[in-house]
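Both complexes below contain chain A, partnered by chain B and then by chain C.
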Partner chain A sequence: MATLELVDLAKRFSKKVWGVRKMDLDVNEKEFIVLLGPSGCGKTTTMRMVAGLEEVTRGTIHLDGKDITDIPPRDRGISMVFQNYAIWPHMTVFDNIAFSLKLKKMPKAEIRQRVQETADMVKIGELLKRLPGQLSGGQQQRVALARALAVKPKLFLMDEPLSNLDAKLRVVMRTELKAIHQQTEATSIFVTHDQSEAMSMADRIVIMKDGEIIQIGTPDDVYFRSANMFVAGFIGTPPTNFFNIRCSVDGEEISLKHSNFKLVLPLKDFSELDAYNGKELVVGVRPEDIAVDSSDKALFTNKVLVVEPQGSHQVVALKLNDAIVKTIVSADQSVKPGDSIGFNFNLKRLHFFNMETENRIKTASEI
Partner chain B sequence: MRITKPQLSLSRDNRKKMVPYLLIAPVIIYYTIFWLFPVLNAIVESFRDVDGIWTLGNYIYIFKDPVFYTALFDTAFLVIFSVTIEFVLAFGLALLINTKFKGSSIFLFLAMIPMALPAVAVGAMWSSGLATRGWLNSFLMHAGIIDDASKILFLAGGEMSRLWLIIIIDAWTVIPFVMIILLAGLQGIGADVREAGYIFGGTKFQVLRKITIPMLKPTITTAMILRIISAIQIWLIIVMLFGFNRLPTLLEQIVLNYDELGAASFERIGLALSVIVAIIVSATAILYLKVSGSFEKKKEQEVE
Partner chain C sequence: MNSALQRQLRRSAKRTSLYIVLVGILFIIIFPIFFLFSFSFMSDYETYSEWPKPLVPSFKADFKIDKDTEGYHLYIFNKSENDFMPFGPLFFSNSEKDVSNLRKFIKLQANSKITDQKIEEYLRIVDKESKVEFSVRKDLLANYILFFQVINGAARAVLNSLMVAGATVVIALTIGGMGGYAFARYFFKGKNLLKLSVLFVRMFPAVSLAIPMVIILARMGLYDRPLGLSLVYSVGQISMSIWITASVFMSIPISLEEAAMIFGTTRVGAFWHVTLPLALPGLAACAMYSFIGSWNEVIAAVVLTQFNPTFPVVVYKALVGSQGQINLITAGSVAQAVPAIIFTLIIRKYIIQMWGGVKV
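Moving on to the complex of A and B:
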């Protein structure tokens, strides 16, 4: 149980290539933090710096208030689960898990007990005498997990640990990892590029892009109050739909004009948009906030391009001008490609973005 | 009597099963004619005298000859020390290059040069270098380390100094070869298993000993067996530096007896020696495999 502080952390690989440009992050005790971003965004590099596997170009790392920037990995009180498991093929499962305990000169009986305990926790208690080559990918992943848990680390690092598992097992492991975290309460950092994994596991998500933090927040924060268009487009499947809109203020009303529709909103709820009178801005609408509206109050009517059934719901794609717009429609509604259907927006869930900076324009209507 | 046909037309399955045998048949025929027959012939002839009478005389001659024991000792000494030195240095270099420091690829290229030289060229290079007026002495004189009066007589030393000279030259020639094999093995081991070693409490040395070396073991075994076998067979460099019979080794004695002495009776001694060397080489290789294999079993028992 520990706090972690990254202060002005940066990593430069060569003159022009930065792994991480600037990273400031405070991780609270017992917190489960997910570093999320597309590949090459610096999330893994950040984790490797925290682990001590990568030298730091600038900045400091503090664990429990102690500066660990320059101390070797073994003295940091951390443990890690690697993307490719990195378990040792020439050692039995027992020896893999016991490795760090043996190096710490823990008494044999205690090692035996600790290994059995952790192995049972991740459900490989029966496999201790096996060699990794005799295990399935999922079991190997559990060995890597047990090895990391056996140390009882102050800080638990996970580098895309689920990305090598098949889709079904991945979802099972998510739940298990979260349960293990609740049980051990170890401060954890989890790296992934899978936004649904991040949403389902994180206490807070750190969204990164090009070596910098774009937004730090709870899953609800990043989903409902995305800091910019990148986050809004990255989080959620299908991603947020963006519409370019011209804003004009007319008395007590704001009208937002798109080539296919015109939204009229009361100015008192969206007074922040006053500044954009006569200017263009971007409206983001999440797929579930676009609803079928067969009445004459529909905002716009459009032909359905494709229907993707998902069981619990269906994703309906439209072609609006040249842009694909995706909406989520309940499963019991019968929608076929080519159908002309009316749609409406959930006005409480509109996201506004500045067209140049792509940053969020906060409005009073936000939840 | 009814004639049944199936034997004539092979089923599709049987034909498929025959394909691999057909493909390796040329090799087997080649080896039978050009390898197995000569070998069997040599073995048979080593048990006969010049008149074709069966005898153990060739072997008795060898085992009574003190030079054989000198050759045996020298060869063993060469094998033990040159292979050990080569392995340690080559492994160190392989680890160094594997860190991919700046300029490591150039270093790798330079380090590989000795490997590209044929044994005769290596012999010529060093015999001209180590001669009293050779390039090594000239270099040392130009560098001002020695003067004309204190030239080093590299080749004039006693048996031990001759052995060490050969060991150094052999190591120089062979280290790149061993290094490349070990480097290939190292690159096959992902960086993450070593990183995991560091994370889970290992020092550099502990990770090397408990993770890198055990994982590299198949490669090490291959490299060592190849090296031991070829170290037993050192002779050309010895002959080029010292001539025959000044530093007897097993292979050198075979060449001397079979080719150089020119008498039919010595040819048979050469054949008998070849048989002995073949037995020694196989026995050494098997022994090495056994020894390195039994370590593995011991480890497995520790786990229980």
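Moving on to the complex of A and C:
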């Protein structure tokens, strides 16, 4: 129910160490934003600056148009879920959730009602009298969540809240968090390094690296229109396969030569590649866009190195020159290591990147 | 099969010899302490007239009175002789004065309380049956009571010690706690060097600093006063408290404070609502540590007090100046050791936390 605006935000820890180099971000009302990136990319630092736990070196933070850069955390109208939950071990679950309400001098009856309400929302309504030490990790997580929700914040911050849970619980909580967000409609920022978490929850994903934003976009944007090779390699499991190719334009056709295959594309769909005539570029192909093709039209044939069954599908790894190429093959196809199999690319889903800048080359064929 | 048996034998031999060594070490450590306690409950007669010394103090004394032409004779049962031995005056009559003296003698030498009427009663039995044997319950705490009666200013000294230790705890915990919090929570240049340097004050033995300490305290008008002594103790205890409280605070995740700040408190409020309650056991342990430290200290106290000594000084002087009466001195020593022992037992649960490792 609030908008957040980060303008030229930066954090410098010491002379040479930057937490965040430059951050410009507009968060819309009710939006669920996920900050995604490898560890040390500055996503947590950004969140801590928004929370007011970290001083800002440069730039401003606006919440609902109001500059909150220098006001203390308690006056910002935010709440936060910490990675290690940070629920207070000496207080009961009730006291944990009621803490902020008591400080606001809310009437007792109202506190009791609000606490019960939020506790029920995260399904810990029966645990209010317990101490955190008597709860499981998942329940502690829910207490942290309830505590943050009870405030009815303008902005809801979550710092890798699911990373301490076991894999199964994580997926359950993911769904619940999304449902809670839809119910409360609080503007949310969620920090994670788990790209599948980001993909499944975010309205928009902010991909960060080395303290800078690499790409902001919907899950579809970052997946199908990755801004550069870093994003393409970071998003998706297994990640995008990259092939170095030489491009040559020949009349109405573009031919892309790789040491193992030659790809011929119509120039009218890929006219942007015209500029790379005679140059090298990188083509990225997602594993699911490499299909088994047993006909003689196969682009290339190669021996299977490893097969990793996943149940619903199987990941087949090939060794192409010195690079490992991973493809996703449906579960009903029987593939064994050592088999020689033909493969073809889904030409509509090719990603082209400039070799030097590693940035995306936009083509007309993009969906 | 054979080798398995051999291995087992070797293992049990190893373990047995280890236990023998451990028991030996334990014996060396425990026995003197046990002996100290044991002696503090013994009467003069037990202490000096029996050999081998009894390990455990007796709870009663056995007497015999008989009679011949000179008058009555008192005997006491001696465990090492396994017989009644003459005790007290060579002979005595049943006059009021003699009976009263006998009662005092029995109380002083055998720590046993008996009334004049009771003695007269026994004497009447002797008159009838020529002898009587009786036992009197021993007053176990007699040495302790006597110590405080005999040694001049012992009770005052306990009060002094309490004041000194209390003031030391307050000073050390306030200043040390604040320092410890800063070391635990903030980063600043030269932090590690500074933290190490607070231990420097503990490097110098108190004796080597005695003269400057006396002069400075005298100038401050604090010589021979509990506050002055507690200031001196605080120097050492503050540095200890800084280290202990720093690790206590470090063991409390900073995110707990941050959460409090986000949910409506100031930094100070977060400390009061969250950090302090969680650190309390560790801080209490730290306080008791300081308490024990200053309660037991002798050397600086000897130098810096004159008419208002602390209790350890009194015990020390009693020990040095005593001619015999070991059982009395041991009572003083035990009285001095007991608070420290009790406090150590109380904090033993938190000693681990004192050096980090709060369970959250």
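The rule is simple: the second predicted complex is superposed on the first by the 367 of 367 C-alpha atoms of A that agree within 3 Å, B and C clash if a C-alpha of one lies under 4 Å from a C-alpha of the other, contacts with A are read in each partner's own complex, and residues count from 1 in each chain.
Keep in mind that, in the parts below, contacts are C-beta pairs under 8 Å (C-beta built on N, C-alpha and C of every residue); 3 or more make two chains touch, one makes a residue touch a chain.
The model shown is predicted, which means the values in this text are computed figures rather than measured ones.
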Combined model on chain A: chain C and chain B, fit or clash: clash
Touching partner for A:Thr92 - first (chain B), second (chain C), both, neither: first
First, second, both or neither for A:Val17, with chain B first and chain C second: neither
Touching partner for A:Phe82 - first (chain B), second (chain C), both, neither: both
First (chain B), second (chain C), both or neither touched by A:Pro73: both
Touching partner for A:Ala364 - first (chain B), second (chain C), both, neither: neither
Contacts of A:Lys129 with chain B and chain C, given as first, second, both or neither: first
Contacts of A:Ala167 with chain B and chain C, given as first, second, both or neither: neither
Chain B versus chain C as contact partner of A:Ala109, first or second or both or neither: neither
Set of chain A residues, in rising order, touched by both chain B and chain C: 51-53, 72-74, 78-80, 82-84, 86-90, 99-100, 103-104, 147, 151
Contact set on chain C toward chain A in their complex: 253, 255-256, 258-266, 273-274, 277-278, 359-360
Contact footprint of chain C on chain A as seen in their complex: 51-53, 72-74, 78-80, 82-84, 86-90, 99-100, 103-104, 133, 147, 151
Complex contacts: residues of chain A adjacent to chain B: 51-53, 72-74, 78-80, 82-84, 86-90, 92, 94-95, 99-100, 103-104, 129, 147, 151
Chain A-facing residues of chain B, complex: 190, 192-193, 195-203, 206, 210-211, 214-215, 217, 303-304
